[in-house]
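Sharing a structure with you now.
Chain naming follows the written order as A, B, C, D, E and F, and within any one chain the residues start at number 1.
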Amino acid sequence: MLDSFIKKSRIKSPWLLHFDCGSCNGCDIETLACLTPLYDVERFGIINVGNPKHADILLVTGCVNHRNKHVLKTIYDQMPEPKVVVAIGACGLTGGVFRDAYNVVGGVDKVIPVDVYVPGCPGKPEAIIDGVVEALGKLSEKQNAAAAAVAAE
Amino acid sequence: MIDHIEDITAETLIGKVEALKKEGYRLVTMTATDLDAETVDLLYSFDKDLALMHLRLSAKKNAPAKSISGVYFAAFLVENEIREQFGLTFEGLVLDFGGALLLEDSVRPTPLCRYTVVEAKPEAPVAGA
Amino acid sequence: MLDTLLFILIVLPFLAGLGCYVLRAEGVRSLIVVATGGILAAASVMLYFQTPFTYPVEASVQATLFGVSLDEIIMVADFLLLAVILYFGVRHKNAIIVALAILQGALGAYLEFGLIEHAPKAYPTFVIDTLALVMVLIISIVGSLICVFAIPYMKEHEHHLHLPASKQPRFFLVLVAFLGAMNGLVMANDLAYFYFFFEVTTLCSFLLIGHDETEIATKNAVRALWMNSLGGAALMIGIVWIYSELGTLEIAKVISQQHTSAAMLVALGLLCFAGFTKAAQMPFQSWLLGAMVAPTPVSALLHSSTMVKAGVYLVVRFAPAYADTNLGLAVALCGAFTFLGTAALAVGQSNGKKILAYSTISNLGLIVACAGIGTPTAITAAILIIIFHAVSKGLLFLCVGTIEHGIGSRDIEDMRGVYGKMPVTALITMAGVVTMILPPFGMLLGKWMAIESSAGSLFVIVMLALGSAITVLYWARWAGGLMSVEGGEKFKTESQAALTRAPLMILCFGAVVLSFLAPWIYSDMVVPLIKLSPYAVAAGGLQSGAGSFAVIPLFIVGLIGFGVAINALRKARSSHAFDAPYMAGIQSPAVAGAYTGPMNKPVVVTTGNYYLSAVFGEEKLTPYGNFAAIALLVLMFALGGLF
Amino acid sequence: MLHMTGTILRNLFSQRATRLYPIEKREPFAEVRGELLFDVEKCTFCVRCQMACPSQCITVDRKAATWACDAFACVYCGICADTCPDGALSHAPAYRPVAREKSQMFYQGVLKEKPKKAAPAAAPAAAPAGESPKPEKAEA
Amino acid sequence: MPRTVVPFGPQHPVLPEPIHLTLHCEDEIIKEAVPAIGYVHRGLEKLAEIRDHNQMVQVVERVCGICSMIHAAAYCAAVEQILGIKPPPRAEYLRVVWSELHRMHSHLLWLGLYADAFGFESLFMHFWRIRERIMDVMEATAGNRVIISVNVVGGVRRDLTPEQQKWVLSEVDWVEKEVARLKDVMMNDYTVKKRTVGVGILSKEQALELGAAGPMLRGSGVAQDMRMTGYHAYGELGFEPVVETDGDSYARSNVRFREVLAAVDLVRQAMAKLPDSELATAYKGRPKGEAVMRVEQPRGELLYYVKSSGGKYLDRVRIRTPTFANIPPLCAVLPGLELADIPVVVLSMDPCISCTER
Amino acid sequence: MQAFEIGLNPATFGWLLVGLLVAPVAGGLIAGVDRILTAKCQSRVGPPLLQPFYDAAKLWGKETKVSNVWIAFCSWMYFTAAATSCVMFFLQSDLLIIFFVQAVGAVFLVIGALSVPSPYSQIGGQRELLQIMAYEPLLILVFVGIFLATGSFNISAVYAMDKPLMLESGVVPMVLLFVVLGYALTIKLRKSPFDISGSHHAHQEIVRGVFTEYSGRYLALVEVAHWYEVVLVLGVVALFWATSWYAIVILLVLTYAAEILVDNITARLSWRAMLGKLWASGLALSFVSLAWLYAF
């Protein structure tokens, strides 16, 4: 019973970690706007925790550059399983308008695995909410897959 | 097309900047532009009561330029940036980031030089900066 | 039987000390110390089965030693002792010591030859009630353990100093003799005896503090000597005064009734004053802090089982005599103020031994406050705190000494992460800290009793409430820092001499077990003394009308919680899922405990405790504290004498 | 200290500001630049959109009559739609949906007529889908 | 006394953007602060070499997502200077309208973040709630919420219909009313003042010497606002710079708070005077020459230097952003502060790291 | 010791169960209501009522990675102490002891935070200690006030009275003490302006302060322990008008509403300001009220 409640809770309590990985702030303020009264993602139990050790979902914005790719990797590694990554905005997806610049690595998926892509320049708050919801779907799939793997053993 | 611009040389730079400071000018910024293989154009911009005043200096890439961060402390940031982007070293930089202000080692040096790439000499980074 | 026990407890340590001095071989010395410790401990336990009793049992019989009248021996020794102190005063060119020694000599002579009618005494020389017994047990067991601990410690200590000749013989002479003096002091029923032993402890502590003979050691030793001489002088004046008021030197008689006359209260006030100096109450705390320069076993001995305990013993012993008087209230205020003031001072310290010193003074202040309040519950609190404090504090000093030898520093900042290097010692230290501040351990039991019994006194309770909060601060951060090490693997146990490990283990075990036994200690030790039972012992707890403390049930719950927690720790350790601490995402992959900082250079993260130096700095707080404490002392005499 | 109280109490006793997004969806504003729409029927493969795109995410092959766009690199500036002489490009008011996999917009059309004007240069030979064109090539 | 070294950033909940400060503190008093940047550096000035001057409009717009429109307007103005053309008057006025809307949303955003920095969550929520109205205005009038892409070299791409104008004015009225309601909270609340008054003082002399810009400069008593130079249509509108003299965080927040109201006023003025004309001036050829353009961003003075030799691509685009100028003053005020004040003071300069590093 | 004669007294056993099992559920629900109300104050919808339980369950199911295994130990000790203190409250034990047992938890929470060499958790730990130092004397003095009114530190004595505690021995001192208790409550609930060591929101200069290094199930334990503590402190609040259930409920609702309001209308103070304010005004208030109680 506890197990099924935990499973349900994972979907009900996604804690966010937002990392600006070299974004122009556009996506960041939209991500932040999701927390504010008009969008209020706390409705879904979402809190912005700011600490990878507590986070379930990593929201990454921005075109990864050569300095912060290490940071991104560290943060990702520090998040305990199960975790999902959502890349936001054209930059997070591919590097966007900056992808030819000399200090830009490109999309987030060049450094860490990305589960959900939220397009836009910047991604709208609604799209970000969609992205998180999609990520939760992915989380529950991962969970079921893991359970199936355990059962198969 | 830029008003109030004055050409100066490396020798007169510090004296002129000190004089401007005395007159109450505020340093706005410095701009570096790659002119050709040997020279970088340095444009110093100052402001007093909303009026801009510029100094223009053609710096040789292979010789260190004089730093004005001793006069205007705020210049350290832009000088560090120019050093990193153009490979132009500055003499007397008060806070030297040793070429690690913006760029990682993995990125190719002096990215904003259009014509040549000047290898900045590796130097001992200033400790405790 | 009693003869033998008293002989063992008081005279044997002196003889053993002489033995250490004369027989200079290290092995022999170790043997003597260990044997004396064992015998003392055994004797004190045997004393437990004899208590209460008086000696000599027949009041008319005069006590003798080797056939000589004990009274005369004491009298002669007294003057000899003052002469020695005078000698040191002259040698160190300290006018205060000289003046005080001369004053005491003169007064002593006046008392001996002018006042007292030298008729055979009609009262026993020694009275061993449970208070004395408690003290004897502490001195003989905790004190002996510290002496044993000192054997390997001093070897290592001298190893660092590269002395031409070992000074250990003299050190152990004084150290072991100290125990005898303390035993004599707590059992004496005659003020003259009491005075003698009191002065012996002063001299012993002077010698021990100055043992290393560095400049600072000598300076601090001299300071200890003059401050304690001040107390000695006050004691002597008080004794003379009491004799002239009551015509007797019998302690039992003095405390058998409450005194309300101004004269007696001032005299008792002088006694308390002597106790304050010895117990390093504010404004006299500086000597005990200075005593930190001595080797750690000395500090441990001075703080837990001897010396300062003599001071509070004096105050508690005479508490019935001034109970319910203004003097009592003033004593309570002084004690409570010291409790608060030194706790605050401890916050500003990072030197482990200084923290321990301030904490000792603070707890002594609590004992003094309880004695001043003087109700049966308060006296209970005082006695329980004396017991538990001795064990825990002795333990903590030994821990600091061990860690100091392990890492070369006694600073709690340097002790950060000591768990990684000396896991056993660190855990024992942590246990020591826990027994100092948390329930269900004895110190907290005592503090609870103290707070509940002082709830009727506005100023005292406010100071106690503040002080106890501050206490938690400086202990908890120390304990936490000890564990501050990255990673979760099992660290390699450090190797230690058996004579180092054993006292640590025994004291640690003792601190826990004694706390568990608190209800029985209460009914066995406290109830016979105060002849009342303010707390009912039921279901393994203590309760009074004012409140209840379920010691045993809490212990059981605590044990269960501890078991679960340890199990969780084991599980976490075996899962090997360790993670670097959070450092804003830039942990350095190459350098442990560092992050990649400005200019891509690794920056090692250091952390420091908060010492709140703007508020709790020693230099800032001490002058105000001393001023207030002196004002309170003046108030004490004013309250006692005028009203 | 009580200056915020009025606002707080007003919030407490009035309608909340939250839009219950996935449950209640708002009508988008009319001229919002959302998802990029491409009508391959109208396209004449004139390459102007490719030339104008600041993000350089559009690849047009005039010979093969293909039009491709790395939709995930699109910055929704609307320049391409403004530039397009044929009205083949437009923005839907709704934003592009989130995705678990990256995808390309790729259209195969038929050449209807000769371009009205000679293009400045040959477009790069069909860049493989998913890879953004190298700037040097785009410039050529 | 032992020092605690705090790696403040790059990933840190208080910082919306990655910047790093190595803070050495004693009892939480900062003794030394060493900044490190480069976590957002993209190198977009270099993009001028592979994007033509029209495409660069969209690139510089993304220098910073908060004041994107103003970046683009400044860049366009610089290129227009080189080209020797003047945008039509309606375009100039519309640029003012959108600039001021941007200033309002930027300041409201900042006020919220600032409130969050001193732990006033409900105030943060409230400011952002108000801000959403501006975002709606942007979305409806320009087609996107944040990066609105209205500028082109020579003018603007979008127009405001009379209905839109009316609606914008009514929305702006609402914002003004709501913001005015929070005046007492920002200026008189005991706890807010306790956290901001006297914290991070930058004197007038320091501000000038260290080259501070924008509200950081005006908060220290220097009445310098680029809008006084009258670029776009500012010269034709009644405008007074907002100045405070104390130089502390409180003064800087007051400057920004009052600027929100001033921006409302400017939007109204510009709407009232909105002339009829084309939206963009047509031009031929490529720019050749160099120009310096300075405008007032929400964060302060923004400088564009554009140089072109008439080729397809520009020679150099140099962007000196206000935060770039404000970093030296920040480094100067940090030592001596409490750790808890760090977010307050860092935010009081309204850092835009994305601007700074480009 | 009737409190521990468990086998003999079914009522006592019942209260034990209430303290052990009902209290954390109530604490979680209170936290849920708190979050909804706070959201409402900010014109938001807020999370579902059961959100705290979802959070705790999710955390329990997360992968556990720690920087120091003592985190595991300390979180369990905190949990045990918090649960024990809460149970003791329902068994009407001695207020001081309940409080000291609660302090065990607080101390272990700090030790756990300090056991990791991460600057954020270290600073959080130090600040938590400062908070303990700030509220502990206030609570003790409140208890002394209760003692002066009832003659005992036992909670049972409060229930034995005919009049509500608030009206006993004069209204003024008791109301003042209630205000002092409010200070302590604000700290214990980790609410603004005193949420300096680790607030519920991570938007703080020290990340999540004392909780930074607790993660996974250890953080879940800390959360649940916090619920126990909230119930405990609210229980002490309820003592002030414990004559009827209605009164208790009304008092609790009003107090908690006031806490939420204060949380929403104040900025976070720095620790220096907090300590100064609490000690100056808190001690002054409690001193005055105690003096009043002594005098009359």
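The rule is short, and it goes like this: contacts are C-beta pairs under 8 Å (C-beta built on N, C-alpha and C of every residue); 3 or more make two chains touch, one makes a residue touch a chain.
Bear in mind that the values here come from a model prediction, so they are computed numbers and not experimental data.
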item	value
Leaving out chain F, the still-touching groups	one piece
Common touching chains of chain E and chain A	B, C, D, F
Chain occupying the middle, per Cα centroid	F
Of A-B and C-F, whichever chain pair has more C-beta contact pairs	C-F
Chain whose Cα centroid lies at the greatest distance from that of chain A	C
Whole-Å gap between the CA centroids of chain B and chain C	68
Rounded Å distance, chain C centre to chain E centre (Cα mean)	65
Chain B-chain D separation of Cα centroids, rounded to whole Å	40
Length of the line joining the C-alpha centres of chain E and chain F, rounded to whole Å	43
Sequence positions of chain B contacting 2 or more other chains	100-104, 111, 129
Chain E, residues touching no fewer than two other chains	4-5, 7-8, 10-14, 28, 34, 38, 41, 43, 46, 50, 58-59, 62, 120, 122-126, 129, 132, 144, 147, 189, 191
For chain D, residues that touch 2 or more chains besides their own	1, 3-4, 8, 11, 16-18, 20, 54-56, 75-77, 135
Inter-chain touch pairs (all)	A-B, A-C, A-D, A-E, A-F, B-C, B-E, C-E, C-F, D-E, D-F, E-F
List of chain F residues in touch with chain C within their complex	1, 3-5, 63-77, 79-81, 84, 93-97, 100-101, 103-104, 107, 110-123, 125-126, 129-130, 132-134, 136-137, 140-141, 144, 147-148, 151-154, 207, 212-213, 283, 286-287, 290-291, 294
Contact set on chain F toward chain A in their complex	35, 39, 42-48, 51, 53-65, 201-203, 207-208, 212-213, 215-216, 219
Chain E-touching residues of chain D, taken from the complex the two chains share	1, 3-4, 6-8, 11, 17, 29-33, 52-56, 75-79, 82, 91, 135-136, 138-139
List of chain B residues in touch with chain A within their complex	102-104, 106-108, 111
Contacting residues of chain A [partner chain C, same complex]	19, 51-53, 70-72, 74-75, 78
